[in-house]
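Take a look at the structures listed below.
Note that chain A is present in both complexes that follow, paired respectively with chain B and with chain C.
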Partner chain A sequence: MAEVVLKNVGKKFGDVVAVDDFSLTIRHGEFMVFVGPSGCGKTTTLRMIAGLEDITSGEIFIDDRKVNHVPPKDRDIAMVFQNYALYPHMSVYQNMAFGLKLKKVPKDEIDRRVGETAAMLGILDFLKRKPKELSGGQRQRVALGRAIVRTPKVYLFDEPLSNLDAKLRVQMRLELKKLHEQIGTTSIYVTHDQIEAMTMGDRIVVMKDGRVQQVGEPLEIYMHPVNRFVAGFIGSPTMNFIEGVRVEKEGEDLFVITEGLRLPVAAEKREALAPYAGREITLGVRPEDLSETEFPDAPGAFTAFVEVVQPVGNQIYVDVRVGGRDLLASISPQSRVKTKQDILLKARLENLHFFDADTEEAIG
Partner chain B sequence: MPQKQREKFFRFYLPLFLFLVFLLFPFYWMFATTFKSDVELYNLKLNPFLIHTWSLANLKHLFFETRFLRWLYNTFFVAITSTVISLSASLLAAYGIQRIRFKGSNLMGIGIFFCYLVPPTILFIPLATMIFKLHLWDSLWALSLIYPTFLIPFCTWLLMGYFNSIPKELEECAMMDGASRMWIFWRVIIPLSLPGILSAGIFAFTLSWNEYLYALTFISSSLKKTVSVGLVTELVRGDVYHWGPLMAGALFGSVPVALVYSFFVEYYVAGITGALKE
Partner chain C sequence: MRSGNAGGGALKAPPVGLLQRKGVLGFLFTLPADIILLLLLAYPFVLGIWLSFTNTIIGRSGSFVGLENYIDLFHSDVFWLTAFNTVLYTVVAVFFKLILGFGLAIVLNKDFKGKGLIRAIVLLPWIVPTALSTIAFWWIFDSNFSCISWLLMHLGLMSHPIDFLGSPVNARISVIIVNIWRGIPFFTIGLMAGLQTINQTLYEAADIDGATPWVKFKSITLPLIMPLLAVITTFSIIWTFADFQLIWIMTRGGPDNATHIFGTFSFQRAIAGGHLGEGAAISAFIFPVLFISVVITSKFLKREA
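The block that comes next holds the complex of A and B.
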């Protein structure tokens, strides 16, 4: 196990800044997920930790040892790649034994470790096969096995599940998490899939355009996104954003008002939002924070016009129109909602998110 | 015949058959001429496509009255040495340019390709001076060293394309496992590039085997000629063409190349398409 520390790490490709001022401490045994849209610098950061990419500025430490100029082979790390990167001309056994052989580990020790790891991953029967004779899921297991068998200080995962089909991905996600709990080695996992990030990470780093947007535990990021980008990126289906919402003060109370919508501001957000009175902000509301109600006078209730109804089983996604804007609501499957009708919705006021219209930073 | 089969016949088998006839006819012509007597060959009243009376006279002429076997050996020697030299250089060059992205690597790749574009008709005069100064005039080593001048650029480009199809992650993974560059090159890149290396090798071998201009310029003694030069210089005397032995020489000269191709045809196709199928 090891601690990985990045201090003001930056990477430039020519004039293009890929990673900018990245600072982070990854604790012993932590499962850290880097998530962000493609081109956000998450893979580049991972590759810099691996030593496959030079660092333009800053410092990287693995267990208090500065590794800026340490070649990949001396960093004691293992990486699992998106395309598995199995050697096609070697058998599963040879693939897994490759690193150990290079380290001159005795033959019977190699046999034992490969056997144990293969048993743990359920690939004991395939040891003699070539990678091309395996399915995608099995290949991914071999790739994992090849990393595990070396017992490195840190595991690096570069979108390891993206080449698998949806069902297998969910299964492997679970297995990876179990595996991490069993082995407990510090792991850094890169993905563009926010669900993967939420479900697997002890902590998540959300990145955009080479910059860290927010670091935190999954639910913390979900509940308290620091800006509009994070709010939109984390959560599925994505948060509804309503721009040009006016903040108005009426006595002690604050309201956010736009055409067809007038929502009181929850008490805990009042103080932060008070300076915005009379100004326009962006309102964010997650689809799951909108529910159907029978009481038109309830706080946060409003009428909307149903355009599309999408039942998904445990939820019904309803596309509604409010004052010329489209919103998505995720409501109970018991609802009898129909298209081209009005529906009475209610927003969970304590979960509303407010963003500065200019900086897009979260308010409160 | 059902509609589908008929369609396949007209769209596939018929064109294939015509193509085969077109392709194999020269070989048949060589074969037929080889086994005809001179009398039959020059008798215009006979059907030229058939052999009426079989004769081994042309073979006897070729094998016992010329130095054909020696030429065959020379050609093999030159083709194999120049192929080995070219492949060794090209493998390193292609890997370096493709994977060790040093400054100017792209430029170097393009530069090497330009070398291939310079025609031998321009190069043979300066090369002749060099060969002379190296005291390699009229030596087979002259050809073994000159052929790589056009083989290396060609093989390098072919191998660069092939290396490009090998995922970079394989090397990166090996690097993290503790392998050195050379180790990766030998244990990962070379085994995975075998189809590419074989097709580059076949190309190099064929090009050297068929080469004419340099062999004609740099070799003068009969004992050191290659097949392509030997046949033309010793079986065409003035304006007299010894068609029988010439065709026999052409036939036996093309057999080794045809064999090489047919043995490695699968690798060859994989090498050209550059596909590393998982």
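The block that comes next holds the complex of A and C.
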């Protein structure tokens, strides 16, 4: 177990800034997920922690030891690669034992540790096989096993599940999480899949263009994204954004108004939004915060025209048009909604998100 | 064209004609290649073997003499010297080509400025016609005008020129050096292609596992490149063992037969000397060695795969 601290870490490839001023403290035993679109610098950051990439600026500490110039093997880490990086000419046993052998661990100790780990991962029957004789899921387990037998201070995962099919991915996600609860070692996990991030992370770092956008627990990020990018990246289906929404003050009350839509602002957001009265902002509504209603006078209710209905089982995704804009609503499967008809929708007012039109920062 | 045959017959299996039989059709498809192989490879090969059992000389068809040519060779000192030279030439040259070519491949596989140009330059000895480059070496090794001797003498390191091709030991070393020079690019380019197919993350995984550069070479690079290395080495053994033009241009087998190898010795007897039967018998000795090395390599490859 170890604490990993990054202080103002930066990475440049020539003139290209890959990671910019990354600061973060990863606590003992924490499962930290770096998430973001391709090229956001998450993998580069992980590789800097691993020692596979030089650090251009800043400092990295593992357990209070500065590791900027410590070679990977002396950082007491283990890494699971996206393509598994199993040694193709070695058996599963040899793959798992390789690092221990190089550390001059006695043979019977290696046997015991490989045996225990293989049993835990359910790959005991494959120890003599070569990687090419295994399925994708089995290889994934071997790659995990190779990391686990070394009992490092920190596990580093570089998109380890992205080569698996969707079903196996969900299964391995669960197993990895169980494994982490069992072993409890500090883990850093890189993914571009926000569902993986939400389901696995104790905390999440959302990155974009080499910069940290937000750090927090999954639900905190979901409920209170700090800017429009995070709001759009986290959550599925994606949040609806409506640009050019006017803020208007009527007595004590604030309204956000656009064509076909007039929504009262919830009391707790009123103070933050008040300075924007008379100006335009961007409104964010998650599809799941829109529901069907029978009461046209209810606060937050509005009429929309149904374009497409997509039932997914536990929900129905409805593409609607309001005042010339497309919105997605995720409504109850009991709904009798039909295409090319009007539908009465209601927004959950306390869950509306407001973003500054220029800075795209969240308001309130 | 069965599409016109609408109705009940659609599901009936077509009659198996001669062409539909797997063996026949396959044979027909490979026939053009078979004919080319027969004409260009099998016929000269069989003819050569046949000639080695006759006393044919140029301009006169000979008669069957059984193993006489072979028996004569076994009693000839020059033949045994040639056999020794051939093995020495092959073993030493291939050994150094492998070591130096592999080393160069590893160095050139690294990322550095101007690597494209350097890689192209490395190929030069291979693409320049041997006859041409060997003539250059002939001059470099000339007993009077050698630039190496000239340089060493002007530096005050020597008092008289080195007789590169005049003494048996010097001549052997010289031709082997030229062969190594010419053969390195083949190893370098071939192995470099192989090195590039090795997944880089394996080395990163090994870095984290604590492998030193030597361990990475021994435990990852070498095992993964071994099949390719075996093929390249076999080819090099075949070409070196059956070499001809390099030695013919530089020494013609001399001095005193010290650099004769099977190829040059056979040519000297058969074409220059006119004794086709005897020359064919000499070149027949090349075949078993090549055959054995091919068998060993293919066995090795099968085990790897």
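The criterion applied here is as follows: the second predicted complex is superposed on the first by the 364 of 364 C-alpha atoms of A that agree within 3 Å, B and C clash if a C-alpha of one lies under 4 Å from a C-alpha of the other, contacts with A are read in each partner's own complex, and residues count from 1 in each chain.
Simple rule for what comes next: a contact is a pair of C-beta atoms (placed from the backbone, for glycine too) under 8 Å apart; a residue touches a chain by one contact, two chains touch by 3 or more.
Just so we're clear, the structure is a prediction, and the values are computed from it rather than from any experiment.
Asks: Kindly say whether there is room for both chain B and chain C on chain A in the superposition, answering fit or clash.
Replies: clash
Asks: For A:Phe98 in the superposed arrangement: first (chain B), second (chain C), both or neither?
Replies: both
Asks: For A:Ile110, is the partner it touches chain B (first), chain C (second), both, or none of the two (neither)?
Replies: A:Ile110 sits against neither chain B nor chain C.
Asks: Have a look at where A:Ile26 lands relative to chain B and chain C in the superposition and call it first, second, both or neither.
Replies: neither
Asks: Regarding the shared-chain residue A:Leu290, is it in contact with chain B (first), chain C (second), both, or neither?
Replies: Neither chain B nor chain C is touched by A:Leu290.
Asks: Please indicate which partner A:Lys73 is in contact with in the superposed arrangement: first for chain B, second for chain C, both, or neither.
Replies: A:Lys73: touches chain B and chain C.
Asks: Applying the touch criterion given at the start, work out whether A:Phe81 contacts chain B, chain C, both or neither, answering first, second, both or neither.
Replies: A:Phe81: touches chain B and chain C.
Asks: I'd like to check the shared interface: which positions of chain A are touched by both chain B and chain C across the two complexes?
Replies: After superposing on chain A, chain A residues 50-52, 71-73, 77-79, 81, 83, 85, 87-89, 98-99, 102-103, 146, 150 contact both chain B and chain C.
Asks: Residues of chain B touching chain A in their complex?
Replies: So the residues of chain B touching chain A come out as 167, 169-170, 172-179, 183, 188, 191-192, 276-278.
Asks: Under the definition above, what is the set of chain A residues touching chain C in their complex?
Replies: 50-52, 71-73, 77-79, 81, 83, 85, 87-89, 98-99, 102-103, 146, 150
Asks: Looking at the complex, which residues from chain C come into contact with chain A?
Replies: Against chain A, the touching part of chain C is residues 199, 201-202, 204-211, 215, 219-220, 223-224.
Asks: Residue numbers of chain A touching chain B in their complex, please.
Replies: Counting only chain A, the residues touching chain B are 50-52, 71-73, 75, 77-79, 81-83, 85-89, 98-99, 102-103, 131-132, 146, 150.
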